[in-house]
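In what follows, subunit A forms one complex with subunit B and a second complex with subunit C.
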Partner chain A sequence: MARMKFLCDADRCIECNACVTACKNEHEVPWGINRRRVVTINDGKPGERSVTMACMHCTDAPCAAVCPVNCFYTTADGVVLHSKDLCIGCGYCFYACPFGAPQYPKVGNFGSRGKMDKCTFCAGGPEADGSKEEYEKYGANRLAEGKLPLCAEMCSTKSLLAGDGEIIAQIYKERVMKRGYGSGAWGWKTAYRETIES
Partner chain B sequence: MASFGRFIRLAVGACAFLLVIAASVPCNAQQVNPTASSVKEQQLLQELNRIQGRVSIPDQRSGVLEQPAGRDWREFRNVTLRWIGGIGILGTIAVMVIFYLTRGMVRLESGRSGRTIVRFTAFERFVHWMTATCFIVLAISGLNITFGRPLLLPLVGFETFSEWSQWAKYAHNYLSFPFTIGVVLIFLMWIAGNIPNKVDVDWLKRGGGIVGHDHPPAYRFNAGQKAIYWIVVIGGGAVAVTGYLLMFPFYLSGIEGMQLAQIVHSIVSVLFIAAMMAHIYIGTIGMEGAFDAMGTGEVDLNWAKEHHSLWVEQEQAKGHTPSGSTPRPIAAE
Partner chain C sequence: MLHARKKRRSAFLTWAALLAVLPLEVTTAFAQLRGHGGPVRALAISPDGQTAVTGSFDSTAIRWSLARNAAEQVLRFHADAVNAVVLLKDGRAATAGADGRIAIWTPGKAEPDAVLEGHTAPIAALAASPDGATLASASWDQTVRLWPLAGGAARVLEGHAQNVNGVAFAPDGRTLVSVSYDQSLRIWPLSGSSSPTIVAMPSPLNAVTVGGDGEIVAGGADGKLYFLSGAGAAAGEIAAGPKPVISIAISPDGALLAAAGIGGSVAVIDRKARALARTLIGPGLPVWSVAFLPDSRTLLTGGADNIIRRWDAVTGDTIDPLLLETAGDPLAAYAGDHGAEVFRACVACHTLNAEQANKAGPTLAGIFGRRIATLPGYHFSEGLKRLDIVWTPETVSKLFEIGPSAYTPGTKMPEQRIGSEQDRAALVQFLERATGK
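And then the complex of A and B:
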C-alpha cells in the first residue's frame, strides 16, 4: 500500500493560490473554511518564501490522539480522516494540530464550533465511496476514482506534490540534484518525523 | 609546416577551451540558488517554535504555518492531566472512605435541642444550589472529555458515546453562564464572613476539631469553610475566564493562548472537583446536622453552638432568637 503524503517544494511556490481555489471548488467547501492555504513568510522583504499548507496526514496524528470521542481514523493509504457524525466540535484537534488544519463552521453554540472540517487528501469520509452523503459532508473522493488530490494535480509550477511518500520524495530529490539546491520538505519533520536530504 | 601544424593544434585547443568556458558559464549560472537568502524552516522553528506569515484569504489567523507546540499540549492532555485528575479525585475519595471508616460521622455531642437558628436565607440557598447543580453537570461533562474516551467509550460504543458527549458539550457551554453568575453572587454575598482572621489560626492549629472531640470556636464561617469559599471564588473565576476563552475562540487569544487556557482550565477543574467532593462529604454524611444549613436553612442550636460558637453569640446579641418551641424569629422581631 502507498503512504500518501504532501510535499511543498517551497523554492517553486509562487503564491498563485490555485491550490486553494481548486480545493474550495472541488469539494464545495463552506464559506469561511479553507482546507488549504498559502502562507507567505517575510512578505515583501528579502528572504520571502511562500508555502502551501493543508492537513499533512501525519504519522501518529496528534488530532486523532487528543480527540475525546475518537472520531479519527487512518486509511490503508495513510490518509487521516474523521467522521463528522461522531465529531462533537470541541476544538481539541485544533489545539493539537501543528499545521492549523482543523476548522469549524460557525454553526455550533454561540456560533463557535460546528463539526470539524479539514483536508481529506481528496479521499472523502467513512460513507460509501462516491456517495451523495460522502460528498455533502467531506467533498469529492478522487482517490477512490484513482486520481490524486486536485490541489497538487493542478499546481501551476508543480511545487505541490501529492502521492506516495517515497515517489514524491524521489521526484523532489531529483529536482534538488538537478538544480543544485532545495529548502527541504516543509513540515515533514513535524508531520512524519523524517526529512529529505537536500 | 611543423609551425603551421602547431598553430592549428593551438587554434583547435583554444577553440575547445573557449567552448568549454562558454558552455560552463550558463551552467554555473544555473547552479546559483535564487532562494539562498530565503527563510529556512528549521531555523524559524528554532527561533520561535512557530512559523507565521501572511495569507491572502480573509481568515488571517490561518497565517500560522506551523506550531509544533501542539505536541506538548497533546502530552499534557493525554498523559499529565489524566495523572493529575486521577490522583486528585481518586485520592480524595480514598481519604474520605478511610476517614469515614475510622472517624465516622461527626456527631452532635449534646444531641439535637429541637430549637433551630436561621443560617442561610432562601436567596443564599437558591444561589448555592444553582451553582452546585451547574457545577455537578459541568464536572461530569468536563471529566467526560478527559476520561470518557478510555473509560466510557469502550463500554457504550462510538455512536452512543458521541451522542452523549455532544449533549454534554451543549450542557457544559450553556450551564457555564448560570455557574458564573452563581460564583459572582457567592463572592458578593459571603465575602463579609470569609475574611481570614486570628480565630482561624487557632481553628487550624486545633485541626478544626475534626479529629477527636474538640470544638474550636468559629464565627459564621470557620477556616475550613473559608478555604472552600476561596476555592470556589478563585477556582470558579479561573475556570470561568479560561472556559470563555475556549468557548469563544480567537476573540481574545490565538492558538497558544487557547492551549494555555485549556491547561489552566483542566488542572483547576480537577482540583476543584476534588475539593468539592470533600465539601459534599462534610456537608452530608460527614457531619450530623450540617446538611440542614443548606437544606431547610435552619440549623439546630446545639450544632451551631458546637461548630460556630462565636456566630451564635453574635446572632443572639443581635436579637435573632432561636425558633422551635418558641415562636418563629420573624414573629419575635
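And then the complex of A and C:
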C-alpha cells in the first residue's frame, strides 16, 4: 500500500489559487471554510515565494495527540481523517497543527462549537465510500474512485503534487537535478519527518 | 491499489484514552491540586505565590490557595472552555473563554464584577498591563483588544490574518506584542498612531511572553522558541522539542524559561546560555499551561490529565511524585461494544458511574428516570431547569436525533447529532448497561 503525501514545490507556485477553488468546488466546502489556501511569503520582496497549504496528512499526526475524543484515524494509505460524529469542535487540534489546517464553521454566535473541517486528501470519511452521508460531511471521495486529490490535478504548474510519497519525492528530486536549484519541498520535513535527498 | 484501500483506525493513543476522572466540587480534598473536570488550559500565579487561578475545558476557573493546597473558589460563568486567566494588580482575576467573553472576578464573590464582550470568536490569551489599568486579549477573530479596566470602550487592534494565540505587554507598558498562526509577531505601540512593527516568523505561533528586560520569546508549531529584542530584532532560537509549543513562562528572576507542549514534556531553558537545561517528563499527555512561582524555581503545569503538577525546575524533579499516575481508558472495559464507540464522543465531558464525578458535563450515573437538571452538585444552565424532560431511552435518543440546541435550548453542550437510528439505539443500550451500576 502506498503512503499518500502532498508535495509543494514552492519554486513553481504562481499563486493562481486554482487549488483552492478546485477544492471548494469539488467538496462544496461551506462559506467561511477553506480546506486549502495559498500563502505568499516575503510578498513583494526578494525571495518571494507562494505555497499552497492544507492538511499534510502527517506521520504521527500531532492533531491526534491532543484530541479529547479520539476522532482522528489514519487510513491504510497514510491519509489522516477524522470522524465528525465524534468531533466536539473544541479547537485543540488547531494549536497542534503545523499547517493551520483545522477549520471550525460558525454554528452559533461563536466559532468554537462547529465540527472541525479539514482536507481529506479527497478520501472522504468513516462512512461508506461514495455514500451520500460521506459526501455531505466530508465531500467527494476521489481516492475510492481511483483518482488523486483534485487540487493537485488542477495545478497548472504542477507545483502541488499528490500521490505515492516515493514517486512524488522522486519527481521533485529530478526537477531539482535538472533545474539546478530547489528551495525545498515546503512542509515535507515537518509533516513526514524526512528530507528529500537530491 | 487505491481501490483496495481500507479504512482502519490506527493505534493512536490519545490522551482521551487516559483521562483521569477527577472531582469537581471544592468540598473534596485537593492536596494535589486536583479539581478540574477537563484539561487545564490556563494558569496564573499571584506575585506573592499564595494564590493560583486555573482555567479549564470544563468551563470553570478555580482559585487555589497554594499555601493550603486547596481550592478556595470555583468560578462559574463561561459557557465554554476557559482558555486564559490572569491575575490583576488589585488582586482580582480575569478569565476568558471560548465563548469570546472576559469575566473580572473579586475573590470570594460568586458572580463576576464585570463582563467584557466584543470578540466574535474564542479568546486564546490574556495579559494585564504593568500599571494594572489595561487588559489585553487575543482572539481567534484575528483581533487583539485593549480593555480599559476602569471602563470605556475597547481599542481593537486589527491586522493579523489568522487566529491570534498570544499576547504580552512590554515591561514598560509602552508596547504590546501579539503572535498569530499567520506566522507573524506584531509589536503594537500603545501611544500615538504609528503602525505596528510586523516580524515575519518561520512558524505559526501559539504563545508569547516578555521578560523583565524586554526580551520577547515566542513559540509555536515547530517546537522552537524564538528570542527577539523589544524592537523585534532576532536574538536567537532554540528547539524546545519536536512537538508544538503551547505555553511559555519566564521565571521572575529571568534566568529560566519553561516551554510546555503537546508532546507532554516541559523544556526548561537556561535563558542566558540559550541552552536546554533539562526536560520535565510527565505522563506523556499534552501540557497546556505553565507558570513559575515567585521563587523562580517551582513550576506549575496544567495538562490534559486535568491535574496541576508542581515541579522543581532547577532539579527537574516532580514535587508531587504520585501525580505521575494516570487513569486508564474509561471505556477499556467496553472494548468491541459499538455503543461505547458512539459514546466516545461524550467521554471528554461525562463520566458513567457515581464513583466518577462531574466533568464539564454532569455524570451520567443513574441518568434514566432522572428529571433534567436535577443531579445534585452540578451547576446546570438556567434554561435547562425550566424544561420538562425526564431522561428515558426515548428522550436520550431524541436529544441526539434533533440535537441538544433544539431539544434542550440553553444547554452548554456542544452540538452533537447522531443521524443513524442504529447508532442512537446502540448508545442508549450502552448507557442503560453502563450507568445503572
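By definition in this document, the second predicted complex is superposed on the first by the 191 of 198 C-alpha atoms of A that agree within 3 Å, B and C clash if a C-alpha of one lies under 4 Å from a C-alpha of the other, contacts with A are read in each partner's own complex, and residues count from 1 in each chain.
Everything below uses one rule, namely that a residue touches a chain if its C-beta (ideal position, glycine included) is under 8 Å from a C-beta of that chain, and two chains touch if they have at least 3 such contacts.
This one's a predicted model, so the numbers in the text were calculated from it and none came from an experiment.
> After the subunit A overlay, clash or fit between subunit B and subunit C?
Taken together on subunit A, subunit C would clash with subunit B, as the superposition shows.
> Is A:183 in contact with subunit B, with subunit C, with both, or with neither (first, second, both, neither)?
first
> Just to be sure I read the superposition right, which of the two partners does A:75 touch: subunit B = first, subunit C = second, or both, or neither?
second
> Examine A:6 and indicate which partner it touches, taking first as subunit B and second as subunit C; both and neither are also allowed.
neither
> I'd like to know which partner A:66 touches here: subunit B for first, subunit C for second, both or neither.
both
> Contact-wise, after the overlay, does A:126 reach subunit B, subunit C, both or neither (first, second, both, neither)?
Only subunit C is touched by A:126; subunit B is not.
> Return first, second, both or neither, reflecting whether A:146 touches subunit B, subunit C, both chains, or no partner chain.
second
> Is A:41 in contact with subunit B, with subunit C, with both, or with neither (first, second, both, neither)?
both
> Considering only touches as defined above, state whether A:172 meets subunit B (first), subunit C (second), both or neither.
A:172: touches no partner chain.
> Which one hits subunit B, of these parts of subunit C: 128-136, 272-280 or 326-334?
Clashing stretch of subunit C against subunit B: 326-334.
> For subunit A, which residues lie in the overlap of the subunit B contacts and the subunit C contacts?
Residues 41-42, 62, 65-71, 85-92, 94-100, 109-110, 112-113, 190 of subunit A touch both subunit B and subunit C.
> Per the contact definition, I'd like the list of subunit A residues that touch subunit C in the complex.
1-2, 41-42, 61-62, 64-77, 81, 85-92, 94-100, 107-114, 123, 126, 133, 143-144, 146-147, 190
> Would you pull the subunit A residues touching subunit B in the complex into a rising list?
10-11, 15, 17, 20, 32, 34, 37-43, 46-51, 53, 62, 65-71, 85-92, 94-100, 104, 109-110, 112-113, 179-181, 183-184, 186-187, 189-190
> Spell out the residues on subunit C that touch subunit A in their complex, using ranges where they run on.
Touch list, subunit C to subunit A: 1-10, 12, 14-17, 19, 38-39, 57, 80-81, 98-100, 120-122, 140, 162-163, 165, 181, 183, 200, 203-204, 206, 221-222, 243-244, 246, 262-263, 286, 304, 342, 344-349, 405, 414-416, 418-419, 423.
> Quick one: which bits of subunit B touch subunit A in the complex? Just the residue numbers, please.
30-31, 33-42, 44, 51-59, 61-71, 73-74, 77-78, 144-146, 148-149, 153, 158-159, 161-162, 165-166, 169-170, 173-174, 246-249, 255, 258-259, 262
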